[in-house]
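Think of it as A, B, C, D and E in the order they're written, each chain with its own count starting at 1.
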Amino acid sequence: MLWRLDIILLLFLVATALGVYVTKDLMAASIIFSAYSLTMAIVWQQLSAPDLALTEAAVGAGVTTVLFLITISKTVRRED
Amino acid sequence: MRKFLIFLCLAICWVVFLSAVVEMPPFGDPANITNRHVVPRYLEEGVEEGGASNIVTGIILNYRGYDTMGEVTVIFTALAGVLAVLKREDVKTSTTMVATSPVGPSLIVTTVVKLLIPFIVLFAVYTILHGDVSPGGGFQGGAVFGASMIHYTLIFGLLTYMRKIRLAVKVPLESAAILSFAIAGFIGLFFGQKFLTFLMPALSHEAQYLLRHAMLLLIEVGIGVATGIIFGSIFASLEKVERI
Amino acid sequence: MIVQKLGANFNYVIATLLFCIGLFTVITKPNLIKKFMGLNIMEASVFLFIVSVGAVREGSAPIVVKGMEKGVQFVNPLPQALILTGIVVAVSTTALALALMIKLYEQCGTLDADELKGMEE
Amino acid sequence: MEVYDIRPLLAPLISLVCAVLIFWLGDNTFLRRLFSISSSVLKWMIVMSMFPASLRGVVYVTELLPFARGIGFILRVDALGMFFAVLSSTLWIITTVYAIGYMEGEHARKRFFAFFAICVSTTVGVAFAGNLFTLFVFYEMLTIATYPLVIHEETPDAMKAGRKYLVYTLTGGSLILFATAMTFYLAGTVTLSENGILSLQHGVNTLFFLFVLFIMGFGVKAAIMPLHGWLPSAMVAPTPVSALLHAVAVVKAGVFGITRIVYNVFGFHLIKQLVVHFSGVAISAGSLLALAAAITIIGGSLMALLQDDFKKRLAYSTISQLSYIVLGVALLAPSGAMGGIVHLANQAFMKITMFFVAGAIAKKTGKKYISQLHGIGFKMPITLATFTVASLGMIGLPPLAGFITKWYICLGALEAKQAVFVAIMLISSFLNAAYFLPIVYRGYFVKPVDGDTAVSEAHWTLLAPCIICALYVIALGLFADLPFVPLALAREAMTTFLR
Amino acid sequence: MAGVSGHFPILIVVVPLVGAALTPLIGHWRRRLCMPWAALVMLFTFAMTAFLGVRLSLHGPIGYHLGSWEPPFGIEIYFDYVAALTFVIALFGFLVIIFSKRYVEKELEEAKISTYYTLILLILAGMIGFVVTGDMFNLFVFLEIISLSGYALIAIGGEKLTAMAAFKYLLVGAISSLCVLLGVAFLYSITGTLNMRDISHMLTLTDATRVASVALALFIVGFAVKAAMFPLHIWLPDAHALAPSPVSALLSGLVVKTGIVGMIRVLFNVYRINGPLNYGPVLNIMAWLAGITIILGAFFAFFQNDIKMMFAYSTISNIGYIVMGLSLASYFGIVGGLIHVFNHALIKTTLFLCAGAIIYKTGYRKLADLQGIGKKMPITMGAIVIAAVSIVGIPPTAGFICKWFIILGAIEAGKPVLAGMLLLGSLFIVAYYVKIINAAFFREPVHEITEVDEAPASMLIPIVILAIGCLLMGVFAYAPLAFIRPAVTGFLR
């Protein structure tokens, strides 16, 4: 049953990755990227890797996103 | 057109990858070579040899401690790199976006953050100290600790952050991870063992385990503190605005 | 047959697909920040790949709890240890890249690769 | 008989040390002259000290620094090497004296004399090289050391000539390197041996390819047509450079290399068997080389006829004369080879006299074109007399040096049953006369334009070398059969190679 | 294995690492002490590597098991003949640090000085760690240390285009690192281990050759980017030309070599040449690409008028030499490639340091502005001439030996056309070095560089040492061969 959930999560990963690609607003893209990271964390939790899930949630979704946001706020917000 | 060509190339790449994926050992099979060759030792002896119930922590700190030493060096390098590119914030010349923005942070936000931060730090300390028995460890805790500092800086501004954590404290703490690893490693040399050895046969049974526990703790705390401070410093460097 | 195999190794399929999507983003997007998001997607996909290598069906997290009976099937802890390092490397790279971007923006006033190329000449 | 000795190393080293000293202290004119002359004399003495033993068949060897299997730095003085070394070290003394006079008041003299010394050092190195590898090392060093001399004037013309020179010679050098590597791969060694190191078992086609590579490589410096393009343009260099390097050291290194390849790498017997069939036509390596040489002899002479620039005419004459040597070697007959080798020396003395004369005239009167030389014999009678001696030698008049060469080469052609080359030699003699004698005629028998016939010779440092070299030209012809002359050494070399 | 000397294999990595970690502290305390400190650390490291080199030549490779765990379980440091390169890294690192002193004082802001030395020590430590490690994942970690500090060092000067160059390098470099990591993942999935020698053993047991091939391709691509092989070289010219000169020297001389060492490790230590995988096609492709790299690099270099840009393109073509030698997979070819790893490091470090000295003194870097500089700075330009003659491959200098061996290797491998490409490339190389030498010595100055004189002693000493090295390495070519020959014999066993 759980493995079925995994497939949905994996497909969601692809969807968020494509979302990052198509979004023109960088602020929005970085939030979508954050969602990607969080989904990744859940996938890893599903794969019995709690250490990684914790790290990815803190670093991937947290710190990285904040760094992206601060950069965007200091530079440009629109892609084109 | 160019896009399409790249798309085609990458599609071919993916197909090549898939051709390898087809041949790879089936996903999740306990009989895979990855689960038979090296790992059984970690799983069977890990708690005893590695010194942590969380076998991942055991591997990180003990079996492959050298990798982790490289890892803390990488993040130290990242900090040095950021400082090389942007310089460190300075009380005299730097200010923050918060200070320059027309609307200050609202009372609600500042109050909530003030209340929240002690708990975040507490959680970070917990994560660092309990890395050997539960998920977490120096790096995870450090990241949380760093996040708390980032949070704080974001709301209260760089100047407050700089006033709270001074340069004379920050600089040594940033190097703490590498240094704690080096110290733990040299303890091994001192007892005539290889670098980063945690069990010293020269000592009595209890002393051995006690020493190992102390060394692991030293490293965990070192990593945690350094990671947190480094994240804070990187963020501060990125965020600072040169005052004109 | 092949489809069945791919289905069994679905994690790898997705990981490599994400790798390619990330690479596509890096190559085709002109905006440097976007390029770097693509790179982060790539990084995460490689991590997913490695964690999947270590996964074991119905395996439990590699934490030994007192009173646990012998013979429990753990997942492979080694890839997890590696990825922990990998994540740190990824965030370090990101931090440095963003610092460079800020510097670049201060100097050139744009983060568009095409415009920057024009400035170079 | 091989004898281990340090002298083969000492000889090239001396002028290298001299070069370093000049770089270091050469701003002082006196010291510069002192170093140049003393080292040239010292080097000559070292080389000559090995001469008698070499005549008896003794081979001195210095071996150092082997750095890989079968490859090392070996200096080995056999008769042929001795021949070339004696030649270049003797001429160096004369040229140094001449250069001191000629370069008076020129710029960058420190650089000039330092690189001059390096050139001679490497030439002696080429002469003494005991294996292809060492040969190549010195050969390339020679190329590089000559470059600053060629572009000494630093004018756009000189720079262009220098570029051309480098392109030609370094390309040639690359081919040699490739061929050397191939030789090493085939034979497992690159040490020159008296009867060659390759054998037919490597396959005729491969060997032929290798032969062509080598010839093309060395042919650049030997100025075999169509690889001669650099030589006339390199004449922009100061005259002593043209004289020593482009009539003696550099070009002779190429010719010397070809001789080495034919006799010491392939070996006399192998070359004779080296015949490939190309779409039904049998081409032998020897005849191919001889053909190229014949074309160059005639072509060079014809080109020389067209030149008005004195030095350019001499340059094309050099191109033609060099191929005498190549032809002699390529005939694969004992007398022919001997004639060729002797011509190494004969041509050197004759041509260097001519260059000295050209330089002296240019320095004294500023005249560089043959059409300006009306009545030069009235002003500079001795100078022109030496030139006359040299040109008569070139034409091959009997008691002079050139005759000896032509005699032996014709003999060789007959021995090899290729009488056509006798005809070539005769035609070439005729052409020689056609482009040298007008100069002599114009100098002696046409009154100068300005009517000024007062004698005013060049400075003695310029004149004395001319006279000495002219005397040599006569002596080499008159006393050709005595011991201690080039012919004896050439004979010694040939007897070992053809054994 | 008695006493401290038994621990040298790890100490050569840890000492510079700890040195780097302490540099900011020292810089915080007394800024002026950073440079002596860094020099001291490298000198110490250098002494240890020299000791290890001697041990290696006497007793053969040295293994060191970190944490006392035997190899497949823990990380192993394996100081083999290739690892003798650490000696070069430490020595050149030391020289570059000495050279940096005046350069940094003039070019960098006060606040960045300690950061500069920290990064230099980190990059050196990273390279040493990279070269000696015997573990695939550890290789990746050290690769990242090298790369990150490299990116930062390029941009440390803060001129307008440096950030752009650094970012370009970072983007390409990060992708290449990921390729390497993915390769490690593929390999791990079929071998279950990370230790190189163990992987090599396990590869003979597995039948998943397609996975192994894809992993090999990933490794090659990853390391080819680091080594700047055509067509993955785009990042190099800007990065190497715009970095501060001592950094360019390190990057061009040593850092690109990490890509080469990575290839050596993967090709010869992991996928053994006579292992189960027939990677002839891969090697063939690499050899031809290397040939193109040689010619194109030289060709583009000719059209530059910035001396550092020229040297940067020259690096590309020389990397072609090395890769060609390695991918010929014949005895002489690999010997030639390995010697060139060393000799090119020597030559290119010299060239970039000289360029640094000239830029330091005159402020000009365009060839047209530097006419007649040879008369003003004879020692520096003399060193450039020696290095140029050497890199062109004129005997008896260092560069010639490599050319000789690689050509020999090409003939041995039955691919003489490649040797022809190499020779053609080397002729192009001559063309642009002649351009430099002509401008420096045989033309009159155009600018008022009349009051320029020789560079300060702290710059000249490293330059002179390296230039003399260029000459000596040609004459005493057998010295590096003492390490290279057993290495190659080991590869081909």
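The rule is short, and it goes like this: a residue touches a chain if its C-beta (ideal position, glycine included) is under 8 Å from a C-beta of that chain, and two chains touch if they have at least 3 such contacts.
Bear in mind that the values here come from a model prediction, so they are computed numbers and not experimental data.
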Minimum number of chain-to-chain touching steps separating subunit D from subunit E: 1
Remaining chains grouped by touching, subunit E not included: A, B, C | D
Innermost chain by mean C-alpha position: E
Maximum centroid distance from subunit C, chain identifier (CA atoms): D
Distance-maximising chain from subunit E - centres being C-alpha averages: D
Winner on C-beta contact pairs when C-E is weighed against A-C: A-C
Centre-of-Cα separation between subunit C and subunit B, whole angstrom: 17
Whole-Å separation of chain centres (CA-atom averages), subunit A against subunit B: 19
Rounded Å distance between subunit A and subunit E, as computed from the means of their C-alpha atoms: 37
Rounded Å distance between subunit B and subunit D, as computed from the means of their C-alpha atoms: 73
Multi-partner residues of subunit B (each touching 2 or more other chains): 17, 22, 24, 34-35, 38-39, 42, 54, 56, 63-64, 67, 70-71, 74, 77-78, 81-82, 85, 135, 139, 234, 238
Residue list for subunit E, restricted to those that touch at least two other chains: 137, 141, 144, 148, 151-152, 155, 158, 163, 166, 188-189, 194
Chains touching one another, given as label pairs in label order: A-B, A-C, B-C, B-E, C-E, D-E
Of all residues in subunit C, those that touch subunit E in their complex: 19, 23, 26, 32, 35-36, 39, 42-43, 46, 49-50, 53, 78-79, 82, 85-86, 89, 92-93, 96-97, 100-101, 103-104, 107-108, 116, 120
Residues of subunit B defined as touching subunit C within the complex: 2-3, 6-7, 10-11, 13-14, 17-18, 21-22, 24, 26-30, 34-35, 38-39, 42-43, 46-47, 53-56, 58-60, 63-64, 67-68, 70-72, 74-75, 77-79, 81-82, 85-86, 133-135, 139, 234, 237-238
Interface residues, subunit B side, partner subunit A - complex: 54, 56-57, 97, 127, 135-137, 139-140, 143-144, 146-147, 150, 154, 231, 234-235, 238-239, 241
Contact footprint of subunit D on subunit E as seen in their complex: 335, 389, 394-396, 400-401, 403-405, 407-408, 411-412, 416, 419-420, 423-424, 426-427, 430-431, 434, 438, 441-443, 475-478, 481
Touching residues on subunit E, where the partner in the complex is subunit B: 4, 7, 10-11, 14, 17-18, 20-22, 24-25, 28, 64-69, 72-75, 109, 111-112, 115-116, 118-119, 122, 125-126, 129, 135, 137-138, 141-142, 144-145, 148-149, 151-153, 155-156, 158, 163, 166, 186, 188-194, 202, 206, 208, 210-211, 213-215, 217
